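Paired with chain B in one complex and with chain C in the other, chain A is shared by the two complexes that follow.
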Partner chain A sequence: MTHLIVIGAGLTGLFAAAHAAERGATVTLVALGRGGLALSHGCIDVLAVEPPLEAMSRLDKSHPYVKAGQKALRSAVEQFLGWMEQEGLPYQGHLEQNLRLPTALGASHSTCLAPAAQAQGDLEGKEPVTLAGLAGFRDFSTSLAASGLERIGVRVANSVELPLPHQASVRDRYSIDLARRFEDKAWREEVARSWKTRLTGARRIGIPACLGLTSHPEVWRDMHERLGALIFEIPTLPPSVPGLRLENALRNRALKAGVRLIEGSRALGQVDGRSGGRRAGGVVIHAAGGPRALQADAVLLATGGFLHGGLVARQDGRAQESVFDLPVRVSGDRTALTAGSPIEAQPYATLGLLVDSRMRPVGARGKAVFENVFAAGGLLAGSDRSSEGSRQGIDLASAWRAVESSLT
Partner chain B sequence: MTQAGPSADLCLKCNICTAACPVAAVTDRFPGPKAVGPQLQRFRSPRHIAPEGSVEWCSGCGTCSSVCPHGVAVAEINIQAKARLRALDPPSLRDQMIARPELLGRLARPMAPIANLLTHSKPSRWLLERTLHISRHAALPRFARRTLRQRNPSRIASSPPRVADRKRPLLAYFHGCSANYYEPELGETAIAVLDALGFEVVLPPQRCCGLPLQSNGLFEPARAYAQSNIRSLRPFAEADLPIVGTSTSCTLALKHDYRAILGLEGDEVDLVAESTFDIFEFLSFRHPSFHNEMDFAPVSARALYHAPCQLRSHGIGAPALEALRRIPALHVVESSAACCGIAGTYGVKQEKYDVARAVGAPLFAQAAAEAVDFIITDSETCRWWISEHTRLPAFHPIEILARSMGLA
Partner chain C sequence: MPALSTQLLVIGGGATGLGIAWDATLRGLKVVLVEQGDLGQGTSGRYHGLLHSGARYVISDPTSAADCASENLILRRIVPHTIEDTGGLFVSLPTDPLDYPDAWLDACRKQGVPAEEISPAAALEREPLLNSRLGRAFLVQDAALDSFDLSHTLVDAIRRAGGTVWLRQRVETLHVESGRVVRADVRSFRTGEVVTVGAEVFVNAAGPFAGEVAASAGIALPLALGKGTMVAMAERLVHAVVNRCKPPADGDILVPIGTVCILGTTDTPVASGKELSIEPWEIDLLLAEGEALIPTLPDHRALRAWAGIRALYQPPQSDGQPTRTLPRAHAIIDHSANDGLAGLITVIGGKLTTFRLMAEETLDLVCRSLGVEAPCQTSETSLPDPAHGQLSPTKRLAGFDRDGSGPKPVETICECELVTRSDLATAIERDGIDELDDLRRDLRLGMGPCQAAFCAYRAAGIVHDLRAPHMADAGLVDFLNERWRGMRPLAWGHTLRQMELIRRIYLDLLCTSTAPEGQG
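Then we have the complex of A and B:
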């Protein structure tokens, strides 16, 4: 049985670990902390171009989608949808066309798969939208969202502020606090009673994403029934409730499949001395007491990009991968790596690891650095995931391909 | 080792710790680890104590530090801040008492039956609550009539046995207060397992690890214990003896807290830290073949395994779980709770009891829903607390392993 070490517990690492374990591998997932899902909208963005699959054929051959192949993307998406259905967190959408979902800032977000409660907010939908803010919850402004949506041609039927039962608290309300309250049936009953009169005539109501954390589908259904109107969620600032639901579902999936989870320790790559430097023997984790060695047949890096610590930018202008010190090619002047405006496409975002067709990081001559080290997700070179709207699709497709390669 | 305070600069305010904090999830009185930790840290200086008491609600479980993806020592910052508050608000008699299990053990053991009557009868518990604010509902341990050291005088070693005397690999057992004063049978079970696996177990000189003092903000007496332990364990570590413990909080103190929280420095502190192992960590990392060497007899039961929060802070995963999974006929359900609530002495306090119980509620519900026969968890305070709330027996994993090895 292959022993695979996956490093990183974001979408890529959790998906890869669960997939490998379900394929029969012995999997150890090592993570310094929780991954980026708590910061995400919980959707799976594949490519924000219509239609996404057709646009994919025009991508450069260095793009992670081209490396992973469309088959990997299709298989990964199909598996993801199946898992979420089984984990009680159903997603909607498909690869042929994107959903257009409203954001908390009143923009339109093109995404491929969305949790059912967000998908109901599709801006192509026929029912007019009512936006509802929640009293005392400062992360969502109905007027901001409504004016933004109107600017892009979406008709907002009404904006309302809905009351919440008073709660003495020493902190601002986070969406996660509300989500936990909504788990309580008595609280929902009280809330729905006070909301009903204010929502007369509303057909489709958008509220900040806070309808439950662990029993979200049940909470959502219950509120829908109590209000007699369709209610959809709009994700807000971190900690993001839809992102946490997805993280919980994938963690549960991985743990059920037997993944051994080591959290809170940094991993450093270890090279097998007997292989002439061609193979990784495993990783050394820096645990509370000191270094501990974990042997493995293969290592999958899912450590993310610069923000998440998988790539490290150095002051001399060079960059490197953080576990095995794998090379990251930075060409040209450092000042050319950033665009003038922070919301433009960023040249630095395309930096990362170059990989071969089996998702193994390669050196200057295009040859795999290690026979048994694979990479997936945000640390791959070749795409500006934020500007092309491809973040989670790349995570899933490359994780799938990397796991398949590591097990053969 | 990174200093806790300055690590606040690494904080991105992502709130992943707040989302994971088991205390913030159940009470509005705690602003959350980020708010009282890295965020408030900018108002703290060596000369100024930020007079913000809400950090007192932190239970010290350490979840925040182990989930932080950027290496912020959130829990360590908060425990240090709590200790500095003691300069403004001196510790209560209750905190002074419950923080000294060794002193209590030494005083109470000679009159164990009377002491046990006092700690377990309703009228005296009522009195303890009224006078000292020790919750009358919180489980307290029973004092043993004879300590582990009194029962095993031949194993006591004031210095490491000389090399020439060694027939079998030597190992120093750090039993801590609980296995000495309260549960000597557990200590003997651990010794029996290690003995059966071919090790010669000695009992080095040792004092209370100091963790209860530290978590109650009494750093000076905690440091005195810490320094005494470093002095007495150093020769064993220098003689290359692994220091193995069954109490996850004691071993965490030796490995991590002395350095990261109490601020002890020096080669001998590092050496003792790096020589210290949780017993299952020792077996799985240093003696991984033990699974194959032994015949494990079936243990027909359903059990809930809970990895204590303080084990999670070791950054080694849950090594006991892997061993338990190899025992035939034992069906192990993994707890999904971050913390059982007791967090050492936190739940014993009258004003904290309700919060602590709410933290543990999902775990207690899981035990009931899974219809398990017993609980397995590595930490003593967790065992007493979970057992009290689930009305189920709770064992250390080494006791179950011993049963399967025919030793108990």
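Then we have the complex of A and C:
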């Protein structure tokens, strides 16, 4: 049985670990911290172009989608949808066309798969939208969302500010606190009673995404029944509850599949194999008593990009891969790495590891550095995911391809 | 015909111009001040935060040193709320000239600038992050002075005394009649409207733009403009201002102020007051010099970088001299003596620490030319902290209702600088707020470690609620771009991670780029 070490517990690492374990591998997942899902809307963005799959054929050959292949994307998405159904967090959508969902700024978010509670907010939907903010909650502005939507031609029937029961609090309200409160039936009862009169006539109500954390579908259904109207969620500023729900579901899936999870440990480097350096013998991690060697047949790096530490940018304009010091496509001129506005495409965002068709990081001559080290997700070169709207699709497709490659 | 008449028109709302207008109101003059930007948008808001003890200049510029030493004491008395008495240290590192400290200490004594030697061990006990190989250390009376606080305090004082301050208005032309400047055309950037203001005396305190003001009256004003670049580190790495005990050079100071500390500065000649772009070598130099003082500096996050333009008077004979070696002392130029043009005085150069003295000397000249006899009162007049002024996060923290007993929980909009919803609401209701960046200069919104990642959206929402749509639309992306601009020169390591977090929020989560025109 193959022993695979996955490093990193974001969307890529969790998905890869669960998938490999279900495919029969022995999997150890090493995580320094939590991945990026608390920053995520919880949707699976594939490519914000219509239709997404067709647009993929025009991508550069260094793009992660081209490396992983469309089959990997299709298989990963199918797998993902099945899992989420089984984990009680059903998603809607498909790869043929994007959903258009409202953001908290009233912009349109193109995404292929969305949790059911967000998918109901599809801007192509016929029912008129009522936007509802929550009093005293900073991370969602009803008026910004409403005026933004109106400007892109979405009719907002009404926008209201809904009260929340008074709560003695020593700090500000966060989405995650609210989500936990909504898990309490008595709280929901009280809330629904005070909201109902304010929502008379509303058919489709958009509210900040905070309808439960671990029992979200039940909370959502219950609020729907109590208010007698369709409710959809709009992701808030981080911590973003839909991302956390997805993290919970994938983590549960991985643990049920037998993944062994080591948390709070930094991966330091490779265990030397007896292969003349062509194979990694495993990974050295930082453990409580000091460095510890974990032997493995294969290693999958899912350590993320610059934000999460898989890649580290240096003052001299170069970048490093943080575990194995694998070659990173470099520029050497740091002034050329950024554009003038955060909402423009950024050259630094396309830096990362170049890989072969089996998702193995390669050196300057295109040859795999290690026969048994694979990479997926945010540390792959070739895509500015924020500009493309492709982040989660790349994570899933590359994770699927990397796992398949590591097991054969 | 002038639409409006006054005795004194001050051009420029930096510390110099505001000090002049304040002094004028205390002497009973009718005064109008015109500033082309917002408060703190120019050189005064772009400085390193140091209230000089004078020790920096005892050898290179003894006049400035003595002025700084006396003004330091006066400002501590009259605007204590703008000052944090951090104290200062001069330290020499093994690479610094060995004979400098004794010569420097000697000069301090001669100029009456207090300096007291302490042992390297005592210095390290005070500042544990300092380079442990430091040779000698001296205590001086440096402090941190918040120039945003100071500007607000002065505007408040001027207005309460009956003076007029116009922001975002620019003097376009000075009209000369029979060898005398008699009136100015002032254009509002908001409305495009031009108002003609007549005055008996015009004071040009436009800093880097003083040359343009003089030119609009048809005279030449030789200036040397120097760009100074600074880097703010995201934490306070030192308790006191730390100076290198060596001849003044690039990157010789570290100033703790607010929640950050500032590495300053470079000095590069530039041709115009708008040349604020930052070169990689400046950043590398500042960080290398900072690392010489604080060896662990590269482990800490650099927050942002910015540049300010200092303008010094360059008498014709000093042509070609590097700006750092020009006298730091200010110059007050009476154009009737110099250029045969009456009614115009230019004040140029100097330091924020000496703004009051410059104002006093200018007003002495103004009063003489007006035939008014009124002694200066500024050194004896305390200025109150305006209620809406810049508050330090520590003071803000004390004001928080955090026991949960209040009617509503406090909503913290900017967690880094502890700006609440009600702080924003109060500021938005005041005049002169046109965009989110104005709220930043008023409240420090978005200036802390997260560089507006969280508060830009929240504040835009509140502005939108309170001020109708036009403001949030104009402001959100501009505000983010401005924060981004300060991080770009530092786009690696921790700073790049922060930049990427901002993209995750504003692109991945909010899809800001696909929002409609204006909304962002």
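Just so it is clear, the second predicted complex is superposed on the first by the 405 of 408 C-alpha atoms of A that agree within 3 Å, B and C clash if a C-alpha of one lies under 4 Å from a C-alpha of the other, contacts with A are read in each partner's own complex, and residues count from 1 in each chain.
Heads up, the rule we're going with is that a contact is a pair of C-beta atoms (placed from the backbone, for glycine too) under 8 Å apart; a residue touches a chain by one contact, two chains touch by 3 or more.
The structure presented is a predicted model; accordingly, all values stated were derived computationally and were not measured.
Superposition of the two structures on chain A leaves chain B and chain C fitting side by side, clash-free. When the two structures are aligned on the shared chain, A:P238 is found in touch with chain B and with chain C. With chain A as the common frame, chain A serves as the apex of an angle whose CA-centre rays point to chain B and chain C; its value is 90 degrees, to a multiple of 10. Judged by the touch definition given at the top, the superposed model places A:R34 against chain B, while chain C stays out of reach. By the touch criterion stated above, A:A192 is placed in contact with neither chain B nor chain C. By the document's definition of touching, neither partner reaches A:L227: not chain B, not chain C.
Contacts of A:L59 after superposition on the shared chain: neither chain B nor chain C is touched. Of the two partners chain B and chain C, more chain A residues are in touch with C.
After overlaying the two complexes on the shared chain, residue contacts for A:E263 are found with chain B alone; chain C is out of touch.
When the two structures are aligned on the shared chain, A:A157 is found in touch with neither chain B nor chain C.
In the superposition on chain A, contact of A:R292 is made with chain B only, not with chain C.
Within the superposed three-chain model, A:L255 lies in touch with chain B and out of touch with chain C [touch as defined at top]. Nowhere in the superposition do the C-alpha atoms of chain B and chain C come closer than 6 Å. Touched by chain B in one complex and by chain C in the other are residues 36, 39, 167-171, 238, 309 of chain A. Partner chain A is touched in their complex by these residues of chain C: 280, 284, 287, 298, 402-405, 408-413, 421, 454, 457-458, 460-462, 464-465, 469, 472, 477, 480-481, 484-485, 488-489, 491-493, 496-497, 499-516, 519-520.
Those residues of chain A lying in contact with chain C across their complex are 36, 39-41, 45, 48, 103-110, 136, 138-139, 141, 143-144, 147-148, 151-152, 167-173, 235, 237-238, 240, 305-307, 309, 312-315, 317, 334-335, 337-338, 340-344, 346, 348-349, 385-387, 391.
Of all the residues in chain B, the ones that touch chain A in their complex are 14-16, 18-20, 24-25, 28-32, 35, 54, 65-71, 251-252, 254-256, 273-274, 276-277, 281, 285, 312-318, 321-322, 334, 336. Taken in their complex, chain A has these residues touching chain B: 28, 31-36, 38-39, 167-171, 174, 176-177, 180, 238-239, 244, 252, 255, 260-266, 285-293, 308-309.
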